[in-house]
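Note that subunit A is present in both complexes that follow, paired respectively with subunit B and with subunit C.
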Partner chain A sequence: MVIRQVIMQFTRALFFLAVLVLIQPVFLTASEHSEHASDSTESTQIVYQEPAQDGMSMKQEIKAHIQHHLQDGHDFHLYTDTETNTHVGFPLLVILLDDGVQVFSSSRFHHGESVAESNGNFYALHHGKVYKTDAAGTFEMRDGHVHNEKPLDFSITKNVFSIMAFALMLILLFTGAARSYKKSLVPSGSAKFLEPLIIFVRDEIAIPNIGEKHYKRFMSYLLTVFFFIWLVNLFGLTPLGINVTNSISVTFALAVMTFVITQFSGKKEYWKHIFWMPGVPVPMKILLAPIELLGVFIKPFALLIRLYANITAGHIVLMSLIGLMFIFHSWIGSTLSFGLSVFISFIELLVAALQAYIFTMLTALYFGSAVAEHEDH
Partner chain B sequence: MEKLIEQFSVGLFFWQTILFLVLVFILKKYAWKPILDSVSEREDTIRESLESAEKAKKELTELQSKNESLIIEAKIERDALLKEAREIKDKIVNDAKGEAKEEADKIVKAAYAAIEAQKSGAIAEMKSEMASLSISIAEKIIRKELSSDEQQKSLANELVADLKLN
Partner chain C sequence: MSDLFKYIVQIILVCLVTLGVHIMVLAFMDKPLFDNQIITAYAGNVALAVLIVMGLLKVPETLQNSRGFLFLLGSFLKFGFFFLAFYSNFKVDGAIQRIEFFAFFIPYAAALVMETKCLIDRLSK
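Let's look at the complex of A and B:
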């Protein structure tokens, strides 16, 4: 527990550092930003539609790049050559619930540069989101926001595609490991590496938090959550630019699942501790009930924000530091930020595992409180 | 917060939920259950093996101490048996000796008695023989006396000489 606290302190300190680093480019770009802000209200142009050569500075290009990196996309975009304005990647399926179901390839958007037509409806991209437009693709802009109609978007976006790929990877990896047990009880191959991790989840996360009696029911969920988050976090650090755990929707989905499982496995004792806290006077019981009830929702909310914020912050810091290398344009500054970005990369490797651990641990803790039978307060 | 809500995508939430649930169920069936079962089975096997090894060790030491006590007992018994045997042997030998001595004594006694009897018999016989001899001598002397004096004398000398020889 002491080590965990130290690690938490350390990540907090890093977060502070990250914020400091983040503020710097904001100050640097502040002057130019204000100029751009004024004309962006009139312009219906999309940021990365603007070619780099007409006036877009290095700083803004980096900023746009980071923003783009953190966003989900309708095509699997690897990188853009701004000089020739060519995009490297592949298109994905767009599925819209609007006037029936509209299914078409994201290549029709031409990376947000053109309007896609499907069954007489016109759609265009703005900041990675699909909006219904007219044939010319005009956006109604008010106070810097698009006020066009937004169809329900169930597209296979970059993140959905990545989740599918990760799911497939996890299935192949772990069914492969499971198969090796059929031959002999002694682990071989990938199982040799994966088994200690599985046992770690069981012995260090599930059993201490849930208890010997009930932990078996939750093992499948805990193991899947742990390995899913870890694998996804690790892939987020690769130059492929896959970011799944920094989308609020993904962490929200995970937290909702934890929430639902917790409430459904909640026993009499659990509900009693929420609505009628034992061992305190009646006025306190009445006072505690709404607080405890609020806590039921705050717990998974903290879970989703924690994972989202940690991973997003890590990505922003890392990409900002990489961006700084180009901004400094001097060998001292660039070398320094290179060293820092290497350092942060290592920290991010730690954070990737740590966040998976924390998410799983807290999930196990909530499950444990739901199935606890005799708690002494 | 506003930005977070803006970023939220129903589609991604939907897909993540569906895909994750599918992932949990597939992995549960084909990975977690077999792996966890194998691991716990192996743990049980290890525990049982260790326990049985411990038990076997205990049994072995028990057996060893039992064997030792058996050997000691056997030794004691053997010693006792030997002692008894020796005693019996001694007794038998002593008894035999005594008996033999008695028998020998008896035999010797009998022999003495027989010798004595024979001796007395012989003496008696000799006596009777001598008596008859004396009588016959006396007869002869008497007969000779009847013929001449000289002859009587010579006969008497002869007899005396004979007697001396005897």
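Let's look at the complex of A and C:
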């Protein structure tokens, strides 16, 4: 019965995922990569042209492939046949706030090779970002940076689409599990798999870190975060090219939610321990206050960087090892790099779960410190 | 004398003394005394500090535990004030000079200390 309540609570709390989807585009602009042009000349104008793939060395091609894999995109690109220049994938919705709302299919960009027109405005892609251009797709380059106007981008990018798909997947999975408990308290179907994991989050993460008295109101968020991160990390290891937690805007949004919930749940004792630490001499209290206040921001910052860096590093290492197979061109080198990439893939399976566990555990720890009822030392 | 009035007087006094010292240091360094929106910075920070202290003292019984959260919201409000009123003016020449930074930061820090004192008093009660 308790498990059923928890699952029902969890399904309601998928609301958090909806919040994540809604606020993610806002952070997209915050996670821009620095865009460098090949030539940094003063006040030059370049006309948009197809990125030159020809003449690339194998190493450069592998590097470009890894960078492309790590970036978010305006279409769901699965595979490109470079010989026939055919792309396999599907377009997504581009939504721009510029001269009203501009909505069109990303297929108009032709994978960044064309200028898209919408209501008399012209847009082109540069390093995966949408810029306003003229009909010829002219980019104004200064100091190696694009200086064209950049419309506010609320597009359904590959990451946004993936988050929606995973949210839907989790809703279906957990409503199915919750429904099964109506028939019998013995778990059946997906509940057989989910029940031990939910109990694990409750008994090994929530209760020890938050305490019996307060853990229930945080369970919905903890379960959402745990299953969401785990699922997207696992799908990041498939050849679909999904990299949700590899986007700093996503981990930033998750950390912001943890930060807001922690601070809003903070009791008087929590704030007292930050601003006027009990049980220490007054000069020490004055010294500790700014350090503790800084810690309030550093904790969620560490949370977002840890998840982002671990997943990004894993993807880079794995793709580099796969790339080595093409560089070695020898049976021993290629076999070794293949073996190593298989080994690292298994390690990444562990990392996917481990990062979900660490994020959830630390979140629970912060919640626990916010609601703890301290005895003054 | 009510607590609110006491805190408002303290904030104004502390900021006036800080402004006096600030102007003296600028005069000693042969810098222009009232440039870089220094008066706006002091007036704005005092006004925001009074607003935050009012929020901390008048918070309803049900939100007593959220005083720290209100304090943080106040800090975000001040960042907003800085970006709206100062940042673009300071960045006109491409970079924020040290003298421009301190024109905002010193009154900010003085007001912050008084807000923190108010918060600590409330938390210790």
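As a convention for this text, the second predicted complex is superposed on the first by the 321 of 377 C-alpha atoms of A that agree within 3 Å, B and C clash if a C-alpha of one lies under 4 Å from a C-alpha of the other, contacts with A are read in each partner's own complex, and residues count from 1 in each chain.
Quick note on the criterion: contacts are C-beta pairs under 8 Å (C-beta built on N, C-alpha and C of every residue); 3 or more make two chains touch, one makes a residue touch a chain.
Note that the structure is predicted; figures quoted are calculated from it, not measured.
Student: Which term applies to subunit B and subunit C once both are placed on subunit A by superposition, clash or fit?
Tutor: Fit: subunit B and subunit C sit side by side once superposed on subunit A.
Student: Given the touch rule stated above, what does A:276 touch, subunit B (first), subunit C (second), both, or neither?
Tutor: second
Student: Of the two partner chains, subunit B (first) and subunit C (second), which one does A:266 touch, if any: first, second, both, or neither?
Tutor: Only subunit C; A:266 stays clear of subunit B.
Student: Does subunit B (first) or subunit C (second) touch A:289, or do both, or does neither?
Tutor: second
Student: Quick check for you: in the superposed arrangement, does A:185 touch first (subunit B), second (subunit C), both or neither?
Tutor: first
Student: When both complexes are superposed, which of subunit B and subunit C contacts more residues belonging to subunit A?
Tutor: It is B that touches the greater number of subunit A residues.
Student: Between subunit B (first) and subunit C (second), which does A:257 come into contact with in this model arrangement: first, second, both, or neither?
Tutor: It touches subunit B, and subunit C stays clear.
Student: Check whether A:301 is in contact with subunit B, with subunit C, with both or with neither, and answer first, second, both or neither.
Tutor: Neither subunit B nor subunit C is touched by A:301.
Student: With the two structures laid over each other on chain A, which partner does A:177 touch: subunit B (first), subunit C (second), both, or neither?
Tutor: first
Student: In whole Å, how close do subunit B and subunit C get at the C-alpha level once superposed?
Tutor: Here the least C-alpha separation of subunit B and subunit C stands at 17 Å.
Student: So subunit A touches subunit B in one structure and subunit C in the other; where do those two contact lists coincide?
Tutor: Correct list for subunit A: none, the interfaces share no residue.
Student: Spell out the part of subunit A that touches subunit B in their complex, as residue ranges.
Tutor: These residues of subunit A touch subunit B: 72, 95, 152-157, 159-160, 163-164, 167, 170-171, 174-175, 177-178, 181-182, 185-186, 191, 194-195, 198-199, 202, 219-221, 223-224, 228, 247-250, 252-254, 256-257.
Student: Can you list the subunit B residues touching subunit A in their complex?
Tutor: 4, 7-17, 19-24, 26-28, 30-36, 38-39, 41-42, 45
Student: State the interface residues of subunit A toward subunit C in the complex, per the touch definition above.
Tutor: Within the complex, subunit A contacts subunit C at residues 263-264, 266-268, 270-272, 274-276, 289, 296.
Student: Applying the document's contact rule, which stretches of subunit C touch subunit A when the two form their complex?
Tutor: Counting only subunit C, the residues touching subunit A are 64-69, 71-72, 116, 119-120, 123-124.
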